[in-house]
Structure formats: C-alpha cells, structure tokens
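Each in structure tokens, the structures are laid out below.
Shared chain: subunit A. Partners: subunit B in the first complex, subunit C in the second.
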Partner chain A sequence: MKKWIMILCLLLLTGCWDRKELSEIGIVAGMAIDKNSETGEYIMTSQYLRPAAESTQTPTPEQPFLVVSTTGKTIAAVMNKANYTIDRKSFFAHNKVIIISEEVARDGLIPVIDAFQRGKEVRGHVWFSVAKDIEAKKLLQIKQEKISRVPANALSNLFENGEYDATTVDLLTYYKEVLCAGEDSVVGVLIREETDIEPYERVKLSGGAAFKKDKLVGFLDESETRGYNWITGGGASPVQGAMTLPSLLEKDKFVTVLLRALKSDIQPNVNEDGQISFTINVEQKLRMTGQESTVELQDRKEITDYLNDLQGEAEKKIEAEIKRVIDKAQKEFQSDIFAFGDILYKHYPKVWNKEKENWSETFATVPYTVNVRAEIISSGLLQGPFKPQE
Partner chain B sequence: MKNNLSFSSTEIAITIITTILGVSLLTLPKNLAVTLGSSDGWVSILISGMAILLLATIYIKYVQNYFSSMSLLEVLEQTRVGSFFSKVFCVFLVIYFILLISILIRYLGIIIKLYLIPQTPSEIIIGLAVLVIAYMASKGVQGVVYLNLIFFPITFIVLFLMVILNINNFNFSYLQPFFAGGIKPIVIGIKETSLSFLGIELIFFLMAYIKKDKIELKKINLSIIMVTFVYTIITLFTYGIFTVDTTKTLLFPTVEMAKEIQLEVGVFERLESFLITIWSLTMFNTFSVFFILLLDVIKNHLVKNKSFNITPVLIALIFWISFIPKNVNELGNFSNWVSQSGGVLIIVLFLFSIIQTYIIKSRQRRN
Partner chain C sequence: MVKRLKLKQKKAISSSKQNKNKQQSPPEPIAKDLDKNVQRIKQNFKKSADVSYRDYQVYNGKTPINVFMCFIDGLVKEDSINSFAIKPLMEPDFLNKVEPLPNDDFFKEVKDRIISTSSMKEANTIDDVVNGVLSGATAIFIDGYASAFLIKSIGFESRNVQEPQTEASVRGPREGFNEVLNVNSSLIRRKIKNKNLIFEDMEIGKETKTVVRIGYIEGIANTKVVEEVKQRLKRIDTDSILESGYIEQFIEDHPYSIFPTIGNSEKPDKVAAKIVEGRIAIFCDGTPFVLTVPHVFIEALQVPEDYYSRPYLASLLRMFRVLALFLTIGTPAIFVSVATFHHEMVPALLLTTMAAAQEKVPFPTFLEALLMTIVFELLREAGVRLPRPVGSAISIVGALVIGEAAVTAGLVSAPMVIVVALTAITGFVVTALNDAIILMRFILLFMAGAFGFYGVLIATFIMLAHLSSLRSFGTPYLTPIAPVILSEWKDAIIRMPLWLLHSRPQTITWKKSERQGTKNKPQRPKGRG
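Now for the complex of A and B:
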C-alpha cells in the first residue's frame, strides 16, 4: 500500500504546470512606445530575438531579430496583445532598452511604468530613454553603425558607454525619482543622425530629457547635460569624457583634457529670515591628453603656472555650463531636476514641510552659488608642449 | 507532561527565530514606510524587539523557573479559577492559531503563485501545503524542532547573500533625514513592528520541553536579538535601495530587493526565485510550529479523549478559511485584525501567568 502511495505521489506531485519551453517564448530585447495621435492609442514595438539566425554552426540567412508593432488602449493590454500576431509568447525579462516617444512622454509616463512595475517580468535595470524628433519605433529599425547584430544590444551598449554629455537612467532610477518628492528626473535621449557614409544614418545618445513629475517638459542639449552631470555626479555611470580648452599659449590652438574623478555636492542653506539658498561644490580632476601648441616652456615653474591657468580656464567653462543648466531648469522648466528639494528635506525637514506645497515656484527663483575646483593631476606621459625643429 | 522528551536551549532558540521570521520578513518594510512616511522605522523595530526581549525574560525568570517543565496553560490549571480561565484561553488560542495558519498559508500561496508558478491553481499550492504541514505535525514536536534546525542555516545564508550582493545598490542618502518627524511616528510604528514578532508565544509552550537546569536565558534572548537584527537590516536595506517613497508602492519589497541583485558579469542576477524558495522553508517552519501548538492545545487541554483524531477537521477548516479573503488587500485587512487580536491575547496570557505565579508563590509562603 505504502509503495503504491509513493508511486502515485511521484506521478502526481511532480509538475510541469508552469514550464516555459525555450522554443515557445519570444525573447524581447528592446521595446519602443509610441502613441497614435489620432486615436490616442499606444503603439508598442518590440524587437524579438531570432535565435536560429545567431547560430554559430548553421545560421539561417534571416536577420537575427524581428520587429513587431501592436496597438491598444493601455500598455498592459498591448503587452498581451503581441501574442495575437507573433508565433511565440513574449518574454520581457531580458529586455535591455525601453524607448519612449516624445509625445507619450509629454502626456505623462505613470501609465507606462505602472504596467512595467506591476508585472514581474520587466526588470529595473532596463535602460530608459526618450526619442527626440523621431518616432520611437523607427529607432529600433534604422541601420546604425553597429558591430552587434541585434540593434537592441547595440543601443544598450550606447548607454553602457555613455559619457558626460548624455544622461543614462534605468527604469528603477526613473521610478524612484518620479515617486520621490523634491526631485524630478532627467532621462537619456536617443536621436537619429544622418551621415555621409554607409549606412547614411545612425542612432546617437545625446543630451537629456527633463521631466516635471512624470511629464516631459523639455530637452537639455549636450552642454546643458554636461552641467547637469557635473551637479549630480553622473547618475548611473561615472562621468567620463574629453573636454577641449583653449590653449593659452597660442591662438586657435587647443588643449584636450580627460575627465577623471568627480566629486560634487549640494549644500542647502537657510538663513534667519527663512531665505533658502544652495551652494554647489564641484571638484573635478582632469588629465591632459592633447596639446596642440608648439610654444616651448622654459622651466618647471613656468609649466606649473601654465597648468594653473589651464585649471582656471576649465573652472570657468564648467561653471558657465552649470549656471546655464540651472538657469534653464529654473526659468524654462520650473522643474527641480537637481533634487534640490530632496536635499533641503534631508538637511532641513521642517523648512521643506513648509515649502513642499509650492516647491516648483520657490525653486524657480531660489538663489545659488557655484564653487568649481578643477585640478589637472597629470599631463600625460609628456611634460611641456612639443617644439618642432628644422 | 510529554513523555520525557527534552530539548536544549539552543534548539528552542533556533525554533524561535525560524518561527518568528515569516510573512513580516517580506511586508514589514512596506508597512513601516506607509505608517511612518520616513525611514525611522528601524527605531520602532529596535524598541519593540527590546519589549519582546523583556517579556520573554520576565516570563522565563519568573514563571518558567518556578514551574519547570510546565506550559503556560498547565500553570494556569494549578488553581481552580485558573483552570476555568485556561479553558477560555484554550478556545481563543485554537481560534487564533487556526486563523493565523490560514492567513499565513494564503500568503504563501499568493507569493508562490505570483513569483514562481503563475499557472498552478492556488487550491493545489495551498492544499499541498496544508497536507504536508499536517503530516509534519503528526510526527510530533521533535520532528518540527529538528526540521527548524535543518532549515535555519540555509535561510540565514540566503538572507546574508541577499544583503551582501545588494551593497552596490545601497544608497545611504536615501535613509536621511533621521528623526525628521519627531518621536510620534516612531511610537505609532511600534504597533506594526511588535506584531511582526508574533510567534514569540511559542515560549509559553515549548519552554516546557527544556529541563530546568538546562534553561539558558542568554540563548533565548540572543534569538530575539537576531530576529530584531534581521528585521532592522532588511528594512534599512529596502529603504537604501528603493527610497521610502518607492517602498510604499511595492507589495513585497524584500522580494523586489532580491530582484535588483546584479553582479557585473550578469551571471548572477535575479535572486528572487531563490529567495522565495528559501522563504517558503521558513514559512513552512512557522506553520508547523503553530500547527503543533494547535494540536497540543486541543489534545492536552480541550479534548482529553485520545481516540479522537482532529487533524482532518483542522485541514479542512484551514483550507476553507484560507480562501475566504478574495485578494491580497482583503487578506491584509484580515491578517491585521487577527494579528492585533493575537497580540492582545499574548499579552493577556502573559499577565495571567504572572498573576497566577504570584498567587501560588504567596500561598506557598503562607504555608
């Protein structure tokens, strides 16, 4: 009797009720969300992987991906609807990028991220971006300059390598920033660029999209994004990039410095009258990588003085870009993308409780000071400028 | 009382840890974030942990030391008035345990369905769980306690891993500002955190299995401190990873935390299915302890007729009750209600045991 029960248990209690066969799921690598401006319906475009084409032994001649568009009233509905047209069940856990069209972003993103966060499949570590001046779905299809065969992988690598003139934000960070009081978010922007060599077009990660609550309010250009990255310390990835400064020795010659370690913090101050102001301290370490000038410097002291002047030049440039972006955020967007409010809350919770009701108005006029310290820590493997000889 | 079975203090201490860690492990950070609105919840956890520590110490020092090898109900049965109260408490305890097991098992069903096996019907998951627990409990206290010992290290290794691997995602500034709202929200939070120590009532029953000379208060206290520590760390980490505002919106923040784990290479990520599996083990421990207490109360105090087998009735009852709440929200309300009444019941039991001990002690002194 016991034996029979055991055999029955073996047969009945082991289950493949929830199996997901690899050959039955369609792995989504990238997603783009647009809106049909006439009907107001969402258009979701997903890029599915086609594993057979990536086979190392006998690859099929097709493209290694398949792009499918579906329309529906809500994002959650569209995510399910994809199953009507494609022969595999959509599987979103390996999704790498989500691109939102400008129109959807202007209408508010809460309905979109709600669908992602409520379901368990889409992960927090998905790159999140806005398409500027182009439909989001087009970005999944255009021929980019890429080595990776799957466009979504190439896009994801753009974000991984993003430098200081672009912002990179993942879904989880965006979600946190939207829900957090006293902080608005800046999201990465993808644009289409025309080129004059094959394949004549490419995708570029450039600048940032500023949000107020969950609605897009405007774009930051590359210089403003640099200012933003200097203030916030770079977000998901450390700030990297090359900055060009005028070489002070000769006209129309330039010095290039690489950005190294960056330290930045924002200090809130509240004086006796209750006047709020902010101090932004930025400390940027630089490394010289290029010097075009050919003027020879005489001795060590002259080199040191020269480097000090260059540092001053870099400080001026950084400060100008920081001021530019704060100006834009205050005057144009009235959106607290630097999380000033959140920092005020952390240091002066009582003041914040009074201010939080109409923070965006207060923010628009709040005074600030910027202290920049740039330091050239090394001049590369060479010391002074070269001098060509006859 | 119980056929010469005895445990060491360490064994009971570990059983306390695995019993207390249950659903609260997954929901406490969220509930605290909602009630407090700030990151100060960890203070509430520490305070209520200390309160529980005090309760356990007083009970063991004052009551258990005097009536060694007796459970709380047996202590009450020493006098005639106490005997009457003991019967009343038995009825309440039986109701409380049945409701609690039903709620916990429904939570297990919901979470397993949500994260692991979405297409398997809840009836199957819950039905299987009830059957296995009943089988487990039928083997007696010994089996349950030893099972706790086996699962304990596995649980701790996974929790430890989850915290260590999440250090990258941890952002200290999300925890600031400290004590922004003052003392009041922290005091309100204590109610929430105290209820997450439910399960501590097992000392009223299981301490009886430790021989008098083997009772080591230090070990029991250490177990309560460890639970407090785990709750504090998990809460702080959820806030440090998600911010307090985001934690409010997550249904099971601890699971989401496991989901965020990602090592550079991407070989090791999404620990949530792992966490859920291990968490099911601790839930299983929790159930089995409650079930054994339930059987103990019924068999040794309510129905003294040995030939009467109550287990099938209990299985049916638990299965039925666990499906009364329709969704997580209703379940949450239901469980709030039950755990609050449970908390009151535990405090009343504790006070009665103190009074009873005082009366008996003073009576003996007079003689």
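Now for the complex of A and C:
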C-alpha cells in the first residue's frame, strides 16, 4: 500500500503538467522585435507555421506561414498577448531566428532577452541578429531568394551557412557574453539588398553589430568582420569562405584560396612596469582553388617560391584586416569585442582586478602585436599555373 | 536414487488413492474366480461403449480354461494383441502337446513363454487393471489365477512429427514435437544419447490422470532445482491437466507477474539445448509444448538459429531483437508523449509534418493511438482464431480499412498508422514475451497520455524494478544483466563464437560447469606458414 501511495505521489506531485495537442499550438518559427518610437512600446512580430498548408495529402492553398504583430509595454506581456489575437497558443521552442531592430538594440537588450531566458519558452540556441537600416519585422516579410517555403527557415539557414565576412551568434552565447566582465559581443546583422532579378530584393547576412555592455554601439563592415573572425576563431560557425589574392605573376589576374583550418589565440603580456599588451597569433591554412594567371613556371623551386610569396600576400591581407578591426574597436567603440579583458583575467587575475574598473579606457589604448602565418596546404593536385598551348 | 524417487512417487500416488478409498472401500484384490473378476471389471467400466471385451479358451493339456480380455477401442493396436496375445494362447498345437501342468506352472508358462510382447506386467487389484486399461494396456484374466496380465498394446492415431507452426526457422532441424509423450521424449533422446539423461514420470490430474514427464541430465542439472520441480508438480491438486499451460500456471514462481517465468517450446533442438545447459524440461502428454525451467528474460531474445548461423549475423539480429522489444513496447507511448507534451523534442520539420497530419483528425492523439492499438489487437486475434482461408481475407480487409480508408476519411492520421504498423511488426519479433508486451504497451500508453515522458519513465522504472525482483526456480530473472555476470554476457545481447563459450550458464546450474575445452578455436594446420 505504502509503495503505491509513493508511486502516486511521484506521479501527481510533479511540476509542469500540461498537455497540448498538436492542433492547439501555433509553432513560432521566427520573431522580430521593433519599438514604436512614439509610445515606446515593443512591437513583436512572430511568424507562425501553418501546418495544414504543408500537408502531404490535401494541402490548403494558403501560404505556409502567418505573420502576426502585437504590441505591449514589455516583451513578456507581448508574448502572452499574441495568444489573444490568433487561434493557437504560441509555442516558441522551435523558434529559429530573433531579429532585433537597431533602435531596440541601441536602447539595451537585457530587458528584451530577460523574458526569453526567464520564461524558458525560447530556446538558447536560436539565432540572434540585428536588422540594419530596416525595420526588423520587414525582414520577416520581404520576398527573399529562398527555396524553403517558410521565410524563417530560410533565414536560419543563412546563419548556418554564414561565412567569414559575417558573424553569427545564438541567444545563449550572446547572453553569456553580455553578462561576462571583460568581454563585449558582436551579433549577426541582417540587411535588405536590392537585386535586379525577380523578386528584386533579398535578405543578406553581412558584417556584425558591435555591442558595448548590452547596447549597440556600431556596425562592422565585411572586411572588419573578417578581421574579427580571424581573431576570435569564428564564433559559433567555423571560419569558411574564399579569399582573393592578387596573382603575383600577372597584373589584374587573381588567385583564389579557400580558408581551411584556423588556429588563433590571444596572449596577454604584462611587463615589469605593469604595462599590458596583447599578442594575437593567427595560423590559417589555405587551399588554392583558382589560378587565373597563364604564366608557366619553370621548375619546382620556382613553384615553391611562388607559393611562399602568395602566403606572404595572404598574411599581409589578414594582418591588415585584423589591425583595422582592432583600431575601430579601440578608437570608435571602446568596446572589448575580442574578450581581451576576459583573457587577461584568466592569465593575470590580479592585474585584471586593478584594471577592471576602467577597462574600456585601458582597452582603447592597449598595445598589441599581430603574428599571422598563412600556409597553402594544397594547390588542388595541380602544379603551378598553366599556359594555354597552340 | 532414481528408483527411490520412483518408489516414493508410487507411494505418494498409492497413498493418496488409499486415502480416497478409505471412504469407499479397500482396494479390491483380483479373485481366482474369473466370473467374479469379469463382473467387477464390467461394473467398473459401467456401460462405456468404447471398452471391448473378449472371451476365449486356452487348453492346459486337454482341459479348457476360460480367458477374458479387455481393452479400449482405438487406444490399442489390435494387430499386436491378435498376434502376440490371442494367437499364441489359442494355438492348439503348442499347449496340447505338453502334459497338463499344475496351475501355477501353467500361469508361469503363459506369462514367460507364450505372451510374446515386449512389455507386460502383472496387476493384483481391480483398480490397477482398470487404470492400466485406461492408459492403453490390454488386460488378460485367466480363470483360477489371482492376478491379471497387463500387456502394453498402446497404439493410436497421432499427428506426424511436423515442422512446428509457432517457431519457424530458416536453418536448423524442421521437426517439432507432437501430442504423444513418448514421441516427444524420444525426439530428445535421439539428440542426447547419454545415460545420464533421465526422464521421470508422474501422473497429475484426478480425472484426466495425465502423464507428466520431466527430463534432465544428471550431473549437469542442479539437483535442488530438480527436486523443487518435482515438489511443485506433486503439489498440484487439480482434476485435469489438458495442456502444459495448466502445469505452468500451477508451478510458476510469480503468478501475479505479467512476465512468464517458465519457457515453452515446440522444437526438440531448442529443448535439447536447454537440457544440455542444465535446465529441466517438463513434458506433458497431449501437447507439443514442452516447458523448460529455469527460464530467464534473455531467453525470449534468443532463438536456436543464433547458434546455427555464424556469430556476426546472430549478434546483429539479437541486437535488433532488443531494439524491436523496446520499439514494440514504447512506440505508441513515445509518439503520444511527443505529440502532446514534448513538442520541443521533435525536429521542427518533423513536428510540422506531424502537425499537418494531425490538423484534421477529430480525436486527441492519445485516443487515436489507443483505438488504433486496440483495433490492431482485434485484427490479430481475428486472424489467429478464424479458419485459415478466412484469415487472409481478414488481414486484407484490416489493412485496407485501417491503412487507406481511415486516413483518407480523416479519422486517423497517417503517422499514427505508421506508428501502429511499426508496433505491430516489431511485436512479431519477440513472440515469447507477447502477453507481457501487449500489457506493457497499454500501460505505457496510458502513462504517456496522462503524464508524457515522465509517466513513461516512471512506468519503465517500476517495470525494471519488478523484473529484477523476479526469480525463476532460484535464478534471477534478469540474469546475466541484473546480477552482473560478465562471463555470461558472451551469450546474452551478443553471441560470441561457439568456441569461446566455455562454461554453461552459472546461474542455471549453480556450479562451475565446463561445456567444452579451451582450445576449440579453429586453427590452421601446423607446418603451413
């Protein structure tokens, strides 16, 4: 008898107990947050999936998604409010993308993401991004170049495939970076781009949005973002993409190399005077995928020398981009997006404790050295450039 | 020892008889007067139509002596009575030539030289004669002789040794047990030609007097377990044993458990293998299903073919059987949990597909799953019970109605059909645990409908706790997994090569028992590089 009472208690005295049929929930695939500049209220735009339109047997002719906007004083309130306006209960666990408008980002994001983290309805690994030069909700609606029938899925795939000229970060990582001392974050940026073929516009993942604490301070362009990725190792997705170098043999011809394995680390140094400096070591493996030049090289030594020169060229380019982004972070943002502070704390906790009060000023002037080593590990099984024959 | 046991047994049986007879009358000895015996016999059989009587005469010298014979039609081979019991007795030449003998010598002559059957015994009481006749013997009374001859003449129509229907195999012997006890034990004897293989008989069932035979190998089987089996069989006090299932239910360790703690099989090779491993087989007259004890859980996942095919495939198939076991118990429950409680655990694309299918279904997922599972069980039951030709019609109708029409009509979602189909198919993989599986499936389904994965987990834990509390004739049910016996894992979820399986299952025999030497690994002949 005791045993059965115990089992009954186990079953009945538990926490969450809620059953919802699949036909009662509205699956949210994407979410955009704007702010009404007049009233200061949040506008949350959610993209709900419409499963009936995806049915394999008798699909309904509607679009497979539904975009709904609701407004309210706080994010938590807006998330609940959506339930009054549509016939399904919002279900956020399958949300893939959160887009924040520039305005909301500049005002600070802690109040926004607190509702996500506390409510646990939105998962931590949802892609987190800022909309540049456009309202966030527009990005959920524009006709983009996509194969997926649901725009949010297409957006999510942009992040999955993100290359080295864009940053990608998920909600949980962003949240950790914001709460971590000595580290500021860079968030992915979505822009609208016009094109000259149907449907004449598209969404593009490009560059990064630099934050100081939880407030947006500025944008990195693609070159700066590359530099940022080389320093940090690429964040969530590995650094990938193609880099174009000038062909050293002929003018106006180019060599294309693919980025392979990247190793990067930051070493803090504190000398006797208490002077802090950082060394950034980047080791990038490359694979040659394109060679436009037609000048033929004579022997193996020439080929090796040529590859060495190319490596030098790549090193120069990488170093320049790294320096550019550090300059911008130091001078323009005073925002430690490379987590120099965190690394200092890990190696020299005592120094960090002295510095942490006014770290952003220290960071703005901290000296650094960059060591880049690029190595072409493969030339695609083909030796040197080829010369067309008659 | 065996003899002593047999004696004990006989004593037990006869003492129980005596007890019964005390209320009526003491056992009645056979009289010297033939007429009196005939009367008593006829009284005993009342007017049963299948009992045949025959009067004839033999000559002692020139003196005719009346002989009375009695047997049951259809139970005896009449040919053999004619040629071995009637003809020699009636042969005039033989007895006429000899001088008339004194009575006692004459009977001895008849017994020792004239009745020419291989098996014959003398009975001294009317009750013994009646019992003998009922089990197929022919009784012969001779006037003036105070006992009767019981000639073994049993012979009746029976099914041939055929391929068993319940346990088909691709590779391995195709023979199966039939309904005749002697045939069944002889099938085992043919496989195990060993004087230590011992069969012991006992009679169970006050009305049916069914012969139950236990078989084991002395020296391998644990004597305590053998003793325990005999004790439990003796304890049975019922009127009829019509199938070995009766015995199973009277002697099992855990009558309230949904898991079977006694195994059964129709295949002689399987039973022989179990006997050689130290198990005890219980044969029951009238059924091809032979019980084996002790029976542990893992046996449900093993089939004889595992040992006949090479170890790689056998191991893989065993793992699939484990998978099938989990799938057939858990699939509907997991589907219901996921579809009503844990939407976040399914990949988004799959969830969309599931939601799309669920959109127009009028029932809650739980009810849908429950109905479909019940319908499947009904179909299965109908398929089993109906005559063969109708059975296939049922399966066609069932497949059409459930698979096609129900989905088209929007009553059932297509994923649910897949779930139930998967459950059904995997259910046929582990047939030995069928009753437990069906019950567990419904229990888990209800828990899933009410509490989601949490309920499924609770139910699974309770089931595991229950399983590990079970024992079968002293052997823990989850051996070798729950008391961890690493050496027996060689033949549990995977089957290692036969030459690596040195010792017999320790928990079956309860002692160290070597099956084979340690140098059995096939090797290249020496001298070749």
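In this text, the second predicted complex is superposed on the first by the 373 of 390 C-alpha atoms of A that agree within 3 Å, B and C clash if a C-alpha of one lies under 4 Å from a C-alpha of the other, contacts with A are read in each partner's own complex, and residues count from 1 in each chain.
Heads up, the rule we're going with is that contacts are C-beta pairs under 8 Å (C-beta built on N, C-alpha and C of every residue); 3 or more make two chains touch, one makes a residue touch a chain.
No experiment lies behind these values; they were computed from the predicted model shown.
Undergrad: After lining both complexes up on subunit A, report clash or fit for subunit B versus subunit C.
TA: After superposition on subunit A, which the two structures share, subunit B sits beside subunit C with no clash.
Undergrad: In the overlay, answer first, second, both or neither for which of subunit B and subunit C A:Lys176 touches.
TA: After superposing on A, A:Lys176 lies in contact with subunit B but is clear of subunit C.
Undergrad: Tell me the contact category for A:Leu13 with respect to subunit B and subunit C: first, second, both or neither.
TA: first
Undergrad: Scan A:Pro51 for contacts with subunit B and subunit C and give back first, second, both or neither.
TA: Only subunit C; A:Pro51 stays clear of subunit B.
Undergrad: Give me the angle at the C-alpha centre of subunit A between the C-alpha centres of subunit B and subunit C, rounded to the nearest 10 degrees.
TA: The vertex angle at subunit A equals 50 degrees.
Undergrad: Examine A:Ala29 and indicate which partner it touches, taking first as subunit B and second as subunit C; both and neither are also allowed.
TA: The answer is second: A:Ala29 touches subunit C but not subunit B.
Undergrad: So, A:Arg123: does it touch subunit B (first), subunit C (second), both, or neither?
TA: both
Undergrad: When the two structures are overlaid on chain A, which partner does A:Glu21 contact: first (subunit B), second (subunit C), both, or neither?
TA: second
Undergrad: Name the contact category of A:Lys143: first (subunit B only), second (subunit C only), both, or neither.
TA: neither
Undergrad: Now for A:Tyr345: first (subunit B), second (subunit C), both, or neither, which partner does it touch?
TA: Once the two structures are laid over each other on A, A:Tyr345 reaches subunit B alone.
Undergrad: Please name the chain, subunit B or subunit C, that touches the greater number of residues in subunit A.
TA: Subunit A has more residues touched by C than by the other partner.
Undergrad: Minimum C-alpha distance between subunit B and subunit C after superposition, to be given in whole Å.
TA: Taking the overlay as described at the top, subunit B lies 5 Å from subunit C at its nearest C-alpha.
Undergrad: Which subunit A residues lie in the overlap of the subunit B contact set and the subunit C contact set?
TA: Overlap of subunit B and subunit C footprints on subunit A: residues 17-18, 93, 123.
Undergrad: Tell me, which parts of subunit A touch subunit C in their complex?
TA: Answer in residue numbers: 7, 10-11, 14, 17-23, 25, 27, 29, 49, 51-57, 59, 91, 93-94, 96, 123, 153.
Undergrad: What residues of subunit A sit close enough to touch subunit B in their complex?
TA: Touching subunit B from subunit A are residues 13, 15, 17-18, 93, 117, 120, 123-125, 172, 175-176, 179-181, 345-347, 349-350.
Undergrad: Flag every residue of subunit C that touches subunit A in the complex, lowest number first.
TA: Per the touch definition, subunit C meets subunit A at residues 339-341, 343-344, 348, 351-361, 364-365, 407, 414, 450-452, 454-455, 458, 462.
Undergrad: Mind listing the subunit B positions that touch subunit A in their complex?
TA: Interface residues on subunit B, with respect to subunit A: 114-120, 128, 173, 176-177, 180-181, 242-243, 245-246, 248-249, 259-260, 262, 270.
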